[in-house]
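Note that chain A is present in both complexes that follow, paired respectively with chain B and with chain C.
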Partner chain A sequence: MKLTFSIRGVGALLVAAALLFAPLILAEQNYLLRVLITGITYAIAVYGLNIILGFTGQLSLAHGGFFGIGVYTMGLLTTDYDWSFWSALLAAIVLTTVVGFLAGLLALRTREAYFAIFTMALGLIIYMVISRWEDVTHAYSGVLGVKLPEDIGPLDFSEPATYYYLLLVFLAAAAYVTYTLRVSNVGRRLLAIRTSEDLASSIGINVGLNKQLAFTASAGFAGLGGALFASAEGFIGPNSSSIDLTFELLMFLLVGGVATVMGPIVGTLLVLMLFEAFQDFQAYRFILLGPVIIALVIYAPQGLIGRLNQLTFYWKRRRAAAQKTAVGAPEQNSPADPHNEKTEVR
Partner chain B sequence: MLMQVRGLSKTFGGLHAVEDVSFDIAEGEITAIIGPNGAGKSTLFNLITGFYRPTAGSVTFKAKDITGHPAHRTAQAGVARTFQTTKLFEHSSIAENVLAGCAAGSRSTLIDAVFRTPRHRREEKASMDKTLELLEFTGILEFKDEIAANVPHEVQKRAAVALALATEPELLLLDEPAAGITEDETARFGQLIRQIVARGVTVGLVEHKMSLIMSLADNILVLDQGRRIAWGTPEEVRSDPRVIEAYLGAGSQGSTSQEDGIQERTPGQGA
Partner chain C sequence: MTLFVQQFFNGLSLGGVYCLAAIGLTLVFGVLRIPNLAHGALYMVGAYLTYFFLTSAGVPYILAIALAALVLAGIGIGMERVVFHPLRNAPHTHHMIAAAGAMFFLHSLVQAIWGADFRRMESPITGRVEILGTQVSWQRVTIVVTAVVVLIALTWFIKKTVHGQSIEAVEQDRVGASLVGINPNRVSMLTFALAAALVAVAAGLVAPINLLYPTMGDVIMVKVFAIIILGGLGSIPGAIVGGFTLGLAEVMATTYVSAVAGEVIAFVVLILVLAIRPTGLLTKAVQR
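Entry: the complex of A and B
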């Protein structure tokens, strides 16, 4: 097997190493570890959003709602119905995937701005149901005592660091699926749809079907993130399904970079850490964060990771071009070159 | 017959964009569709490739009825097309564009990709080989890593052809392939079209440049105001009085020779 040096690979490894060693470095700072744990559950949902928005190019504003369905499936099943964490987790994934599939059947009949409006309405409906259906969801009283995962052998998930590593496994799975999308025909079909639906269908891509699958999978990841969030927090309320959350997820993705592998996790954690750094300013922190986001949108609209990928791409190209001219200098007068004949005559 | 079109019509509101058009595309031949601006050529293209649904008539491809099939199914059946305004995945490299064409026909699912099944790896390898072969065939291999939006117009046109060929079509329909390129480039493009036919792919094209059409086409369909006004070999069409009238207007035949007359009124000439 050939081991090739790749800047992007090294970058991904650095992020992975930082995440792996974080509990050791933050051993005394449980608060920051909790922020990381919350951040990773969000990031898993952002990976979901990345499939439909990043790859397929459809702006879904229902993802806060899907996240909320995951949160409440986990929250209610493990408390009122006394299910185990693992069965509730499975139920949360299945339920959000099914809801995503059914919602997609309707939502994907619309395009562009109409799709965004439709899914925003859908997200609001989910929020309404959760915040008003008191008999089932307890509405604003919230749900207390959401279960942590049951012990597996020696692994005790009530230990934050252990739970953190469990989350990392799910996060790695989400990132791996995204990587797979980037380098496979499945992802190429989705990216084709993002660029031009007409061109995509002209080469035989079933645009409707692929969008439907992407939206369904995307909702499933949001539900997974929500279910893990509920378990990590222990106490949940309707705000975990609000439209504000949708826009936060969207911001995480745009900061990190759409259709990138590392964008969702880097964007999510970076913005959350900025939130924490500006904590003392409370509500005013958005006055500080606002310009940061605006600057980012202007100078790196493809997001941080997208911008880095672009820079490495240009750097590699320049290096390749430099090598080519160094090696190929004597061949510059190719037969196709009209000046070639003149030089021969001369 | 590879494709049979019978009585095809399309109405937009009260406008008859295409009306009762019938013609055949024979395997291994080059069929051209010509006509003045607004004659319904592009509409006809969109009808037989599934981008529009016909109001009446039928399209048969390889003895199967494909009338009204959606575009992706028509493409999967083996009809590829290019667009008048060259369409590419402009933010991707030229190679990635052609890979997208391979990806479209791929049967592997996300499950295959996640677990790297043998089918997945086989397909990835085959796609890469096919891409390189097609870039070589269309003469744009050296541009493979360039971003599609940044390469010269002629390269984009060739890349669009490579992308269409990546879907392994039996019929390739080119919508104004020579629009906006120079005479030299047009001649080279004519060469490429001959090579595509030699590869075993039947070609149909809408084109304004008569020099290209007259030297390439085996059969020509002439449309005017949505109707078929002539159908035959270049020689037959060239001397057809209705064609001359459509291009020159009645009463002006006397002033120029017929062939020059057709060229004179052709938009896009010398562009």
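Entry: the complex of A and C
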């Protein structure tokens, strides 16, 4: 156990170190740093999606919309209403959380396919409000000049590297929340709900309450990601709330690995780098990526990090079995049960 | 009054299109228990194929729609084999994600072939006819008549032929159907072919009225989901009633309230139905 923990720990440390030193390595390449900055804001939203889809097993297609609410709260408050970055950030988080809570009250009455359809409609309604309510949102013309964070002491956030480190703090917080959730009782309850709602409620788990909490928190993360995205880009437009964005977030999560701690960040950055590699045919990238999504859910639904975790799990088990035979104890014949592996702590 | 009659016909023609699009989705849900998120993309491909056969290949309009439906049936079968069949035992979220992948693939493919620009398809059916004192375009009459003919043919197919009845049998009980010698795989393929062909007919009929663009299927897909949820997932009569109801409601709301009201009414219906009766209004007893 200790050993596998350290393998995972080393992996997480490697990712963290890469992220920490990225601005130093990319010192000359501001463009790539910008891509990383955008990627981190997306990744924070993907952590939100991970809570409701990864842990709780509910496919929410409203997250592009929640992201958009975050984007527009930040964008409109800091320009038209001249709020400061920090108060607008707080407002964005509070607003998306409240909207998520209210939407959850209705949406979570439905299950499975109905939930996905309901949330998809919800996402589209948010998109339509944003793209049609011209008096407030400026619709397709968008808004320029979204504020960057105000200076704190010597920290000047108009410097991309400094802003990058600020985002890294938020990202670390999102990953940490995911990690604590993963090992806490709340996380176990959510995983039980994912496995079977009926079974979960039969062992005394309040399914409705836990799903409501997960959905609300996950909307809040999406809003936080959106607010940071608006500030990083400096410009807001309706595309940042579209249904396409929902599916992109979904793909990031899927590539990285659902219900994992490092999956969202690794998946997001990996896919964004792929996007950059295919930049010349930006519009046609889904000719390749569409089949990739399909192949992923068919052949590797656990995603990259999920797959790595699975491999360390197998390795650990084989090692334990080898030790047992070495000692002379009868080898335990443990059949590979995919359901057990699913709930194994990753 | 003239305005009302005219709008009534507009609503009927829109409803006919919605019906054709919705029945495919509800059939697929009935047989495979999955909401096919790529249905809107199939609709879009159907519209572009009709456009291609009509303008580039120079085939007559109705034949162009039929050819598009035929090609779409092939695409539908391919989609069932490649995307949904391998996932038949996977959790329900996987299907939807894979379907979204297929949707993006089709968007990009169409954009690569025909470009992202809006395209207009000139209707080969011109002229107007006077019905109840108002002018109704032949195009709309064609839509209503074709929709009704196709609906009748479909009902006959499902109720009276062996293949159609096997679809119903699998809908009712997949295991039971295979016990009496029905091959559920073949039924799945047949259902997908039928659904794709129907949505291609819908798209081909409405293409001359609307503009063509790669994401044209997205909004109509949510509307079609609203329809089948209103009618109960898996229910064909529900899809027909829901389709005409929504078509009429949308046109009337646009005429008498505002354009935005017409646009959002489908979503309001969807939210209300799911909030009040999450399983749909006309749901069959065997739902889960």
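As a convention for this text, the second predicted complex is superposed on the first by the 316 of 346 C-alpha atoms of A that agree within 3 Å, B and C clash if a C-alpha of one lies under 4 Å from a C-alpha of the other, contacts with A are read in each partner's own complex, and residues count from 1 in each chain.
Here is the rule we go by: contacts are C-beta pairs under 8 Å (C-beta built on N, C-alpha and C of every residue); 3 or more make two chains touch, one makes a residue touch a chain.
Predicted model only: the values in this text are computed from it and were never measured.
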Touched partner set for A:203, first chain B, second chain C, both or neither: first
Partner chain(s) touched by A:310 [first = chain B, second = chain C, both, neither]: neither
Touch count on chain A, higher of chain B and chain C: C
A:30 touches, of chain B and chain C: first, second, both or neither? neither
First (chain B), second (chain C), both or neither touched by A:250: second
Which of chain B and chain C A:289 touches, first, second, both or neither: second
Touched partner set for A:120, first chain B, second chain C, both or neither: second
Residue numbers on chain A that touch chain B, as the complex places them: 176-177, 180-181, 183-189, 191-192, 195-196, 198-207, 213, 217, 317, 320
Sites on chain B touched by chain A in the complex: 49-51, 70-73, 75-76, 80-81, 83, 87-92, 96, 99-106, 108-110, 113-114, 120, 123-124, 127, 145, 163-164, 166-167
Footprint of chain A on chain C - complex, ascending: 29, 33-35, 37, 82-83, 86-87, 90-94, 96-98, 100-109, 111-112, 116, 218-219, 222, 225-226, 229, 233, 260, 263-264, 267, 270-271, 274-275, 278-279
In the complex, chain A residues that touch chain C: 53, 57, 59, 106-107, 109-114, 116-118, 120-122, 124-125, 128, 132, 243-244, 247, 250-251, 254, 283-287, 289-294, 297-298, 301
